[in-house]
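By letter and in written order, the chains are A, B and C; residue numbering begins at 1 in each of them.
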Amino acid sequence: MIELKEVRKRYRGRNVLNGLSFTAEKGSITCLIGMNGAGKSTIMKAIMGLVPIKEGQILIDGKPRGKWMYEKVSFVPDHLTMPLGMKMSEGLTFMADFYESWNAERAAELMRFFRLEPKEKIGNLSKGTAAKYNLVLGLALNSEYVLMDEPFSGIDLFSREMIADVFSSELIEERGVLLTTHEIDEVEYLIDKAVILQDGKAGLEFDCETMRSEQGKSIVDVMREVYSR
Amino acid sequence: MRNYLKLLHMEIHRFRSILFVLMGLTALVQICAIAFSTIGEINERNAYFQQTGKPAETFFAAMSFTRMVQNTQFWFAVPVGLSIAVLVIYAFLIWYRDWFGRSTFAFRLLALPSERRNVYFAKLTAILTFIFAMLGFQLLLMPICRAVFTMIAPADQIQPSFIADAIFANQAFKILLPRSFGEFFANYGLGIIALLILFASILLERSYRWLGIALGLAYAGLCAALMFFPPLALGAEYSVGYLYTEEIYAIQIAIDLLIAIVSVWLGLYLLKKKVSV
Amino acid sequence: MKRYILSMALGVFAVGAIGTYYASGTEGDAPLYKLVTLEGDVQEAANMQLGGHYIGGVGSKALELTVAGTKYQLAPSFYEKYLQDNRFLTTQYEDMKALKQDHRNFMRGRSSIDSFYRDSDWVIYADAVLYDPSSEYDWRSELRMDVLEEATGKVAKHRIDLDESNIEWFRVNDVQRIGDEVHILAQVRQRAKLPEGGWKSLSEEFRDYVVDLGSGKLLRRDVLMSEQLKATAGTSGTSEAEPAANVIRSDLSLSIAPIQRTSQPSEYVVLQMSRSSTTGGEGVKEKTTLVRKYAVYSYRTGKLTPLPESSTDISAYSHSQSELNGDILTVMYFDNRSLAIARYNVATETLDPGELTLTAKQAGGQSIKSVTLAQDRVYALLSSEDSNKAGLADSRQITAVVLDAGSGKTLYRGEAAYEGPADKAEEFRKKLWLTNIYANRS
């Protein structure tokens, strides 16, 4: 389980994260929901150790983070993060070089699934192709948790369907997924748990199935409630 | 260790085309400079002979490779200056290229399951490799240029030259390739310390953005003052002084080493704990 | 592993290329020469250094040739440049080097070798300072004497305000101890205040400041210029024969005869007065003549006695060099053709009757290129070319000789030879240009 406890972070004078606490369990898909600038990307980067936090704790499976976590937690960012001059195949070699938990066969499989041309230079990829490639890099790792930052943003419809398919497959089944997205209504059916961010804190953390069956509310309904208060 | 080497190889590999272009350019410009200069001198000597009927040796000194190098100061120095400029800029870019642009490779580098200090040392070692490889290449070029000269100039008018003298004939090499290894060690030692200070400043900026620029400049300024001020203040230049010169330099060397260690420590600390992507 | 070929190759190449270059020597064309003994004992040349250049077609390289071989100044090592003491005072004189080793802290900040005194019980450093407390050019003068007691290692620092406001400059020439009295011999120039403001320089004089060793109190101050010396130091021309109007330039200088080992105890010091006059003018060829007078001062008795004149016509010579070694004063007059040596015993105030005159021919050459006097030896660089011939002589024409200053006997004669294959020897000797001869003083 990925656990955040009372995490605080200041950015440009603002308390972006102001005592944020929530958890993302293994085997479920958790979604961070918030307005633009609420700090969703920052939270993802903070979990990955890519930005420092001022106070609070972030624990992975109960342990404080260290370089070991990068084998266990993979990150799918919303933009390209591999050198533009590299070919996609070289990017895969790079990952294989450094990660013990890299699964080369699965990587090849995913490349075929997404119909990506290994010899293509990363700099020449369209937005949709790039997003798929990022997914390959993130999912080909035998990691226990996957963080995805806006995996559907700006992607064309068909690519989006392909990506959504991946969510339902065994690639995701046993892992813990934490994602952020703007298109809540489109992916609502995929999500198990939602965390609604408000004023740098977790305004509301709930299980979607339960919310739907007990209170008959969709995530969007809850969002409206929370943000109109 | 293996991760460090892999990262080092990656950094070298990324830059290889620019490195080879610099090497090729240097070779081209310097060989051409020597060739043209030699041909020019031969023409002058022939003209003299035609005008006066006297053989050129009576008026001109013997042709020597060292003198050719002396005559081509500017053209020889141009590719050297260019290479230095490119390497200095890349000392910055080796970090900044991973943050800015369409792709943020820093995400990947900082999320590798290895110590972040491997990233730091890989970048540092890569820059040093480029510098010394260019120096080595320049050294290799000298006998090649001398061979070109020997091929072009008429054999009976050549005076043999030593490579070391030819190198010294160019003003730029007096600092880059000094005669004394002690001086080489001192010059490049200071250069490496400057690079360490630069890395610390860059990482300060990457950690604290605008404040980081100010911190970085302040840190660099402080280090520069500490490296150059004490010998003057302590009287190394004077013929008398309270401290003996060997004491002054020993103090200075200790300060320099301290600055180097602090800069490395600061860079590693910032990279591990404070840097933002 | 195959992937990493490029990086490995680059790294190996870089280190290899630079390493090979520096290991194989960066002096370039720097042939080695050695001194070959033609006559005499090579031990006599142990102190001798010949300075010159190797000119090999691409500029000149300075070198120094001694019995130990050739040294070029091209590539000082890291140690030589930074980790070695580079100050003149503590590296050039044997007695100063020993003092630094024995009393490192005492030697800090010392500037003048003439200000030292050392015997088995005491080390004394005395110098004079002019300072301006009110910043109105109203200089005060102060004698500073630091006394180190060898037995205990304790240093006593004494400061003596001299209460003299009209000193323009002040230089300590010698420090000696007689019993409990420390004598500080100083050369002082006074000045007088002009009525309209400003200052006028007056003549120089020698003074002996006598200070008590224990308390540092100034006991007395003696002015030393004897009347005879003063008379010659007057403003008239060189001799009675020359009309004063023909004098273009006339320079008077006072000094003491250089002491062989400045910190050594001695009862005597020799004061030198030298007047160099250049006469000439329209239609008359310029001629520089030298008048020198010597007087010996005994610290113990306080007497200043002029030394007898030398019988040689010293006005013919353009240069002179003197040395006080123990009780023997050696004065060498020289120009580029010959030299003359007068020796005095300062204790008995007598001139050694066997005055020596030596021409370059007698010493084995045609002209003298460079000569120096040190430790009772005359070191000379002789050329087989006439001195009137323009240009320098290369090493094929140069010999170095060491003569005994008392007898004039040649103790050593040598020349430079090329260290290398014999068929190149002549060629390289032609490219070596020796110009100066030096000898370590102590």
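Just so we're on the same page, contacts are C-beta pairs under 8 Å (C-beta built on N, C-alpha and C of every residue); 3 or more make two chains touch, one makes a residue touch a chain.
Here the structure is a predicted model, which is why all the values come from computation and not from measurement.
Peer 1: Determine which two chains are connected by the greatest number of contacting C-beta pairs.
Peer 2: Top of the contact-pair ranking: B-C.
Peer 1: For which chain is the distance between its Cα centroid and the global protein Cα centroid smallest?
Peer 2: B
Peer 1: Once you find the CA centre of chain B and the CA centre of chain C, what distance in Å lies between them?
Peer 2: 44
Peer 1: Can you compute the centre-to-centre distance for chain A and chain C, using the mean CA position of each chain? Integer Å is fine.
Peer 2: 84
Peer 1: Considering the complex alone, what residue numbers of chain A touch chain B?
Peer 2: So the residues of chain A touching chain B come out as 45, 48-52, 67-71, 75, 77, 79-85, 94, 97-100, 122-123.
Peer 1: Which bits of chain C are touching chain B when the two form their complex?
Peer 2: 3-4, 6-7, 10-11, 13-18, 21-22, 25-29, 57-58, 74-90, 100, 108-111
Peer 1: Report the residues of chain B in contact with chain C in the complex, numbered from low to high.
Peer 2: 5, 8-9, 12-13, 16, 19, 61-62, 64, 66-67, 70, 129, 132-133, 135-137, 139-140, 159, 161-165, 168-169, 177-186, 239-246, 249-250, 253
Peer 1: Along chain B, where are the residues that touch chain A in the complex?
Peer 2: The touching residues are 3, 6, 10, 14, 101-108, 110-116, 207, 273-277.
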